[in-house]
């Protein structure tokens, strides 16, 4: 990946299918059977449900309509594992996904295998006519599965954080240099300035992209500056210590209400023990490294922090312009750290940490690009119907597969969301520089 | 059981301990690992939690204060497995018991074994002084464990009912005679009449009873009649068909509001498929036998049904007087049916089905008997603090251990409760006979 | 009042009607037009609504069925002013009574006048046959109106307490002696002891009583003691200062949850300013007199206080036995103080403050007496359908009309209720004395 | 109005002040005293509160900081009448504005008079230094008051709609031509096409505009078409009749959830009686004229309707470009109809109904313009902190003062909002034409 949409190399595509599907199961390897069923909040889903839902996606959108003589695996699975596709039919209430002790984990792995076998047949044996439908849906299904790979990690992190025992998903060797703490002030911000201009935004070409990244279109940008690196925990602690969570004038009105209602006083997963900040990670409770990018903040916190610091967030067009010609490299899931890392690129001219580490909240509400056309049928519900009350995040995170991310990629979550690996990059209008 | 509180036969008591503890684990034998973690509503608890909580009870109230040199098994288990004992310390929120994928099932069985080993030592080796504290607490702990044996079954039934697959906990051989359906009208009610009089209510003597059954005291009863058998599903269907769930004049005001808010239109677990009533049982979805006692009704429904039928429910004193001299036999958990059965005793003079089958809602709010003294310390929270907004149920059910029940036994639940095996016996004032 | 149910003196009854109806309007005299429409919580109703509802009661249960040729005053008034009579028809949601700026206050007074004129005709001109229906309903309607007279005062007190300006409903001359404060410890409790015995409880005879006070029946009471006077604010402050609101072991489980959820730390209307307790009264904010009876406590607080003090509350039968032969005199609404007063009867043998001052919470859940028969038709909803999740209060308060109260009178409210004038009298089992 | 910010003609400004303030009171003239206190939902405010809040605005932001020797009118009024200015201090909870029967209506009119007198002194007597602060704040205060003039009408409409009596705020002479009903299909849509291009958006120049309309900046627009007139009720009925409220594929996900949760099946205020649609208006319940613009729809409904019709909504930049050179004339509040009217301009080339009638939902989330700088101090909370989860509406309504509206004016409300006069104008990408 990324494969060309029209690729005729079916064997390569099948190998890719197997790789992506296998990667999902590798993510689950460290878990106990008991861990697969927990749903710690309505936004999250049980591991087991992700495993089944991604298989249901292939069964529903590929096997059922396109595999000759397909018979459904189980008459109730569509009810159990449909996420939000109204056109596919009714489904279990989102908050009740954790109540299903059956099918068992073993039964769901059997379902995956069954789907994989039939998908292999479909890929290798379908004639050219159906193939023109199959190929793009297969690529979509793999990208869909990659999205759930990231959710598997964020959801299990949230579930483990709700357990008073604070279990660890994996262990990490201790860092050579050790974390940086209170004494070390982070390096001063450096900026890159962009002049005003008419740019192109969005995806074009034959490689895969979601419908919401298209069509490519023109946007005029006034001049702006962007911080070269992400905001650090140390900088965020300064915001906390300056009363950031107690000063409504720094916050959007809805953000202040959310902060009050939820009792926010630090990023999600942060706890202060005996005067020292710690946070829950996929390696269990850990002291906070002040040099690492702050993470698990909502849009509201990112926005309030920026206002406190005298800056603002980037718009998604500003971000995309800065990233458009950069290589997609960074701290992605393949690194195996599953946590953002301090910026090591301290001297370059380009923006650092654009890809991986943390998703960067932009100030752009998630809306349709001019000329946006959703996919036909049920798949049209994939992206378009969420274009309301959400904000765009860019760049992928330490839990994203690197092959899944590109400069035009638009992630989106409601502004109160905190359980994703989401962080902050500062910006300002150019004239303020 | 029941053992005398002062029993000196420690080996017999230890054998009883092992029998009761073993019975708890037998109840869990049919489950998959995945089933142990589900909490389908705040009122219910995961199987795993019951297994741990009953062990925590012995550790907290026996081992910790009375076993020399006791060291706690795990520093967080009290936080995880304390149910409601404020004096013992803080605890996880009731609705979050289902979020704990850890400790695993295997770890909890290890905890049980650890507790059992130390309990055996405590029973066999403690000197006579501590034994006077240990013996009554041990008996209390076994009765407590028996209560959770019933909850294990009702909670797993509820959890399975929330699963669209409607799994079965066990299978039953088909009945020889087959169920009775719509055509067969249930036998007319027969009654037993009781004259006015001053009676004694409550437990006395050396055998075990909970504090809330004491002290024995005098109650004056006006004359009344009691139905010889429980209300059947067929009779209840007549109530439904007569608009029972649509006529507010039949209901208590709070009951009507609950019925509207929850959308009640039949007992819990009833579903109408193609014109025929079925219900969820521990043997999966089954057609409803019209001759069997109606079950899984709230106090509100029991009360409304009685009003519709022109009768009322018994008070708990009226019930106890009728049961006082009857043998404690019936369809208890040992029968293995785990479902109420039609009345077979159609000719006797005494009340049938007093024990087992279903808990009988009485019209008595759960209050303290005159002179009630709760136990000292944390165990004083066992019963007394719930004497508000609950109603008394009597007689045990098909999920109760027979050795756990007696004529003076007071069960209690809030009036909207439906997931227990709770049913209806009609009564009236004597002068209306 | 009380009039004999069969009274033939229609002129006297009409005079009584006019007196009661006029008294309702006198209660409203100090209000501004703006005050008539406020509903400060769902449990309370706007003044305007009370004025109209009590008139609707006469129109619905007397004029409509019994006045020849009656035409309804307004086709929507039944929808607006029906309180909870399901059999009379649909009605506006309880919490929305404050949204009706129309009908105006003036229009509602016109409605009252219209009802009064037709009621006068009905009383004076109906023939003897209808009169046998009219007379008891009229007496019921007047008792109903008196209940709303008390609610008018408690509801306006609550509404004014929600206003940051804390308006006063009336003014009182300063007391000669001045209030008693912290330095003065209240007199030690004195007790009256009652031996065990079979007593009669409930109303009998020709004078008016509600259906829930009947039938008179036998109750056996074990021996008990009752405090001669009500619990004072000073005694209650000692409970607060001893951590009463922070010690769950003192509370019923539901009570503790209510106290936590609502943030209770003192009786309703109490506020601490600069270290001194004050409370909202119908005369505005006032310092608290430590010698006066504590008021505006829930059942939960009354129960917790009693447990803290080492005592309990009376049952309603115990209370009624003590009050049965006492004159119905006390600090009722006619005194015009509208606030409980310190006990002045410090030497008698009988219980003081039984009537007036504050309603005394009993430990008796509100249930039907043996043989209870609700009234036929819509009036059957008056009392019976509330016999669940409420507790009985006895004796009337400083806001009750004295002619409305008697020893058998049963008031009832849910245990979390605090806006009524409700207080505490301690008791204990006799053997503890 | 609009006045130049730097205007030195103080007498003209004072006359304007008096005119605007007087207009507010004229809006309240038809009301009864009882009507002034109702708050029918948290989004709405009592009439009385609007009257006081607009005066508090002048006292707080002009008199207190700028009038020499100013003493506050009442120490609690800031607590009562502050809307949402955190920097000004604490305030009464928004949902409790309806609980304040005091201050009375009369007292609030006195407060207005007191403020007006002091404002007159401030305008006429302040020296030139302070005047440079006073003048722009005064103009802002008048624009603020005009916003509340519109809210007064929408809030009283909502309150009256909650009253089962459905009172009328005013009466209208019957229309000469009479309303158009089912038989008449509305005229086919005509469109105006706009080519791609770089345009300027936002306010510039010396005349008054809110901070959120600034700075003027460049936006590139792809080509698009806009409907010449607003969507009519008849067109909207076709959407309803085609199952528009039952087809989730037409809706945004959040919109569908709102529609389900709220039970939407038609615009707010629509009711079907005996097969005919009627709606609540400020002239009471009226039959719906199919030719008039549909009104009281949420953004979600506007969006779903457009999707159903095969079109979309305009962005705010697209709207502003179309309106930029049009005269600000239309059915504004001065017409006195207080209801949208059918389009009469059926032949022009320009867009009709751009101004007045109904606010037009745009597809633009409400965000900051590039280079946006909020006002300093408390007034900075006026607009900026709401730039989240809201959508922009353009053009003013039949309840807006015409002098308050301009082409750059940005109104904004959350997408579920329905009680404003909000409607629909269709658009599409140019290439689809």
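Per-chain residue numbering starts at 1, and chain names A, B, C and D are given in the order in which the chains are listed.
Following the convention adopted for this analysis, a contact is a pair of C-beta atoms (placed from the backbone, for glycine too) under 8 Å apart; a residue touches a chain by one contact, two chains touch by 3 or more.
Just so it is clear, the structure is predicted and the values come from calculations on it, not from any experiment.
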item	value
Most remote chain, CA-based centroid, reference being subunit A	C
Distance between the centres, which are taken as Cα means, of subunit D and subunit A, whole angstrom	38
For subunit A paired with subunit C, centre-to-centre distance based on mean C-alpha positions, whole Å	60
Where subunit C and subunit D are represented by their mean Cα positions, the distance between them in whole Å	47
Residue list for subunit A, restricted to those that touch at least two other chains	none
Pairs of chains in contact (touch as defined earlier), listed by label	A-B, A-D, B-C, C-D
Subunit D-facing residues of subunit A, complex	84, 86-87, 196, 198, 217-222, 224, 248-249, 251-256, 299-300, 303, 312, 363-365, 367-368, 370-371, 380-381, 385-389, 415, 429, 431
In the complex with subunit D, residue positions of subunit C that touch it	32-38, 40, 48, 76, 79-80, 92, 96, 98-105, 159, 162-165, 167
